[in-house]
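Two complexes are shown next, each including chain A; its partner changes from chain B in the first to chain C in the second.
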Partner chain A sequence: MSSKKLNFQYRYGFSVPEVSIFKAKKGLSKKLIKKISQLKNEPSWMTELRLKAYQVFINKPMPTWGADLSKINFDEIIYYLKSTDKPKSSWEELPEEIKETYDKIGVPEAEKKFLAGVSAQFESEVVYKSIQKQLQKQGVVFLDMDSGLREYPELVKEYFSKIVSIYDNKFAALNSAVWSGGSFVYVPKGVKVTLPLQAYFRINAQNFGQFERTLIIADEGSYVHYIEGCTAPIYTTSSLHAAVVEIFVKKKARVRYTTVQNWSKNVFNLVTKRSRVEEEGVMEWVDCNLGSQVTMKYPSCILAGEGARGEVLSIAYASSDQVQDAGAKMIHLARNTSSRIISKSISSRGGRTSYRGLVHVGKNAYNSSVYVSCDALILDEKSRSDTYPTMKIENNQVDVQHEATVEKLGEEKILYLQSRGIKKSDAEGLLVNGFIEPITKEIPLEYTVELNRLINLEMSGSVG
Partner chain B sequence: MLTLKNLDVFVEEKQIIKDLNYVFEKNKVYAVMGPNGSGKSTLAYAIIGHPHYRLSEKSKIIFNNKDIKEDGPDKRAKKGIFVSFQQPLSLQGVSVFQLLRLALTGKIDPLTLKKKIEKISQELEIKKELIERSLNDGASGGERKKLELLQGVILNPKLMIFDEIDTGIDVDSLKKISLMINKIKKNKTIVLITHYNRILKYIKPDKVLILKEGKIIKEGDYLLAEEIEKKGYSFLK
Partner chain C sequence: MKKIVIKNILNQEKKLIFDKPGDYLVFFENLSGNLIFDIKSSGVNLKILGLYIGRKNQVFKINTFQNHYQPSSTSNLLIKGVFYDQSRFYYQGLIRIEKDAQKSHAYQKNQNLLLSDEAFVFSEPKLEILANDVFCTHGSTTGRLNQEQIFYLQSRGLTKKQAEKLLVDGFINEVKENLG
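Entry: the complex of A and B
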């Protein structure tokens, strides 16, 4: 896909010169994996896990369902890139080019606003991080994954790859083999982190696949909200983003994980996100997908403890040449567990969205409840939306509700708004933003504003 | 203010308005009455520029000395035309504040707008939650009509067409709405499309027009409306 084909002014479509110190050659081999692990000074169990995962990756075939992934050429990808020696802890220490990039995406402002610590990923290594003293006082650990492994090797060993095994799928295996960066979060018992923890991700090298790995452990009775917002510059060849996120929600803990995914339209975004929720714990995934060429992502909750609750709220927006194959998985294993999936998709100018969901209620999950609602908005004749809901209910004492709607943007509503002096494209934008409002009201205002702006930008392009 | 010349309006192939000619003047209140299907709402839609309503080539809609026939609804609104709809739709996830903020971008700062909305809705006795939630979501007939008027007041147009703003509302709402229209009507052209005399007791029209089968068949003053109330439309030829 050439950049000329993009008829959309990408707001963050810029890049700065690469400043990497070590950059691996294209393609993947055992030797390179050993080298990555050695450069990072990792314990031997991690090196072994990487090598084993690599073997699984080689052996597993490409998924034959969902979006077309045949354009991914694994030999053309750079699997490791280290941009500075070690993570920097203050803004002043950052190289000028990196600061420039962050200025453009507004990291310093975000820091001023939230003051909860910013961990920003620049070319696979976390280079900028500032943690509030308060977090440290509370005993909250918020590190990049590499530092997490160095500083808390036992904790990482206990939880790493325990929900998403290396055998899970081809891309989770690939991530396990070559992972770099991502976040490591530990929230001690009873600690409530009041401000959201934010991480900014960024891909900045051509053909560079980003394989971050995030592990969040919320101990009993704790609360944390983690936010990842992604922006990426445009490149002429396809990039791959294959991340893995594992979240442990202990008894009575609550975790919210919010994603605003806005990769440029040449990125394959294939992410495995899964959580395990213990007794009376609550896991909430808020997942907004606007960018990328192809996204395949199905945040999951394993409701393992009695009274556990899982929620996935998702938005998918697909415009021309985009496929958003998104959904959710809810696995009910215990009594009185409840799950709620609310999915809103929008397809325009030939874009394609799919809702793909699995709800599995096991035979011991008595008195559980399931609610699934998927709404699709199709803006024109060229666009398409599909729904693939799967329900496996092995228990008859379960309350299951499923709702699905498909609608088109109403002409009468557009006229109504126009009659108030609003341009047609703005009217469409307003209606689309209204359609996703039940979800956007759940995310922090800054992200809502950003989302609304991006959608309006898309809408104005469609009329031009 | 608004001149309609040789106005023919079609919905698909069917002609609804037939060679209508009329001049609406500034600072005057007009009542447009007529039996069901006479073309009253069609007239409102044609003036705002609903894409489903097609005009003949010789038709002219002249607003402030310019033919606006080629303008889209948003341009017409920007030039100062406002239509309050008979059955306002509800808009999911769009509050009246968001709508007006977008409509008045660059003309009024959000804070002033918010205060203005609060003030007008107090005067109209619109419940606060109706302002904050999705427009017309869970609103009664009367509340919907009040929300229409609220938008009209804030947009401050030159020509206001109210399509059956008095239908489906209780007496108290009717009084509030009428009071507000009387308060803002100065220097504007007000057109009340109505079936009933009721609202005309509160807002005295300068002219009453009777529309039948797409034509103005009679023009008179307030007394004409009273006569219609007594005798119905059938006495008119």
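Entry: the complex of A and C
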């Protein structure tokens, strides 16, 4: 294996000159928060919520568990950046640099491929979105969060911060104080959105932290699939991505939320994702974590209504100097609820993956069932894998199963493939892709292809 | 095979060090505290069996540590619990495989039966693996008795109580059989 191949170059590691119109100074203050809120013309309740959240953020200590976050310097982060005055509605109106960036990620192509609506986040403000007429006809709302707040203030007020409270954790508080961008989705009763809604996320300014806020409300009997794919250019200093996602799944509704994140390897990715599932609703999180320096993310389902179902499928890949601390939380509060967590993690070249999860079956959650399965692959002796599942069971009418395995790639399998003329690194790539296949088959094809290619690239020369 | 029965855990902690190759069997019943198994030799084949029967308002808090420091050893833990009334069970188990402990095999299984609506189980089986050439698994199940089996036994003329007892005995038997 040539040494060139060992140095995997980040695919989207390019950066275009900043075109910001308003850019806040580094660091956070009450004044800045008021300024952000004022610039966005927000209602007073939002300004108050932001200020309250700021206080909570200041008062809360850093988490003492999980990955090492001491490298984050909150004073060195730019908390707000606005690249164009208001979101553009057509591709032609976009600034040239931004278009150039998107061309490299392939947004226009992606759109051609039956995307229901593309909302690309570029430097904290959603600057480009196109919603197909069909969506509007169905009454589906798919906006960036800022526009959502402007156009549907009552709806936002009713749901905003209702699952992830500002008191929840330090980074949720930070997000609540300085949030900008993200998506607002409302699917009316009985409407099934057949094409997935996609948002592309991007961090572009150096030292710039991205604090998007997403709120999805799926009304009774509706269905929607939301996809976020993240790519970011390489920086020399650390970036912080602290997002909050709240999803309301009403009676008999079904929501699937797919994430493929490939942050560049200096980003701290600390995300709070939570959903509340009502009677017979279904929530599915599909979560693929490849990039970033540190990821701490535990998508959660609060199964609040009878017969609600939650599912988390996740992949974590940690290479050198990366920590993927990912997992899931299932909180069963009602009868006949069921949940399933399937986690696959791979650590190589000194990377560390951890599965951290919680299953809580409450007193009234009779006849509930839980299935948790965590499989880990360790590819070399420098790498590490941990599993920290927690199960709290408070009634006896339940079935809870948890299993985990940790192993290395099967030598016999590699030898067999080599005997058929396949190079060792290709054989390893093949086996790793086979290992994550149960999850990759659940995500859209273009992401599967990219994921497989990324893993092949990472694999080439990683063992031996 | 060397058999060790732990009768009590003084001062909340008991450490067993395995520094010679061989087959070992450790058994304990209804104990609370920290149980540390340090495997400091190759060729250790350690079987750990735990049994818990909780009644009334009994509370058990047990933490086990399977620490592999040397290569090519095996540890296999099985803890079974049956909980009646308002009994509570807190279990935390850790398998830790250090860098040098390649070719370790470590297993951890915790299975619990809840016989009452008011019983409570907390189970946290953890893995920390720093070596790569290992095979580790853990599993945890918590649930009630198989309702179909109870129904079957009732259809053969057993009372519900008798059927339950039969199934609980069968569940516990896995530990007892292993004890030899």
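FYI, the second predicted complex is superposed on the first by the 453 of 464 C-alpha atoms of A that agree within 3 Å, B and C clash if a C-alpha of one lies under 4 Å from a C-alpha of the other, contacts with A are read in each partner's own complex, and residues count from 1 in each chain.
Following the convention adopted for this analysis, a residue touches a chain if its C-beta (ideal position, glycine included) is under 8 Å from a C-beta of that chain, and two chains touch if they have at least 3 such contacts.
Model, not experiment: these values are computed from the prediction.
When both complexes are superposed on chain A, chain B and chain C sit side by side without a clash. In the superposition on chain A, A:K71 makes contact with neither chain B nor chain C.
When the two complexes are overlaid, the chain among chain B and chain C that reaches more residues of chain A is C. Once the two complexes are laid over each other on the shared chain, residue contacts for A:K162 go to neither chain B nor chain C.
Shared-chain residue A:P438: touches chain B; no touch with chain C. In the overlay built on the shared chain, the residue A:L430 is in contact with chain B alone; chain C does not reach it. By the touch criterion defined above, A:S385 reaches chain C but does not reach chain B. In the superposed pair of complexes, A:R453 makes contact with neither chain B nor chain C.
In the superposition on chain A, A:K192 makes contact with neither chain B nor chain C.
For the pair chain B and chain C, the minimum alpha-carbon spacing after aligning on chain A is 16 Å.
The residues of chain A shared by its contacts with chain B and with chain C come to none at all.
If you check the complex, the residues on chain A that touch chain C are 376, 378-381, 383-408. For chain A in complex with chain B, the touching residues are 410-413, 415-424, 426-427, 430-431, 433-438.
Residues of chain B that touch chain A in their complex: 48, 50-51, 72-74, 76-78, 82-83, 85, 88-89, 91-94, 98-100, 102-104, 134, 151, 155.
Remark: chain C residues 99, 102, 112, 114-117, 119-144 touch chain A in the complex.
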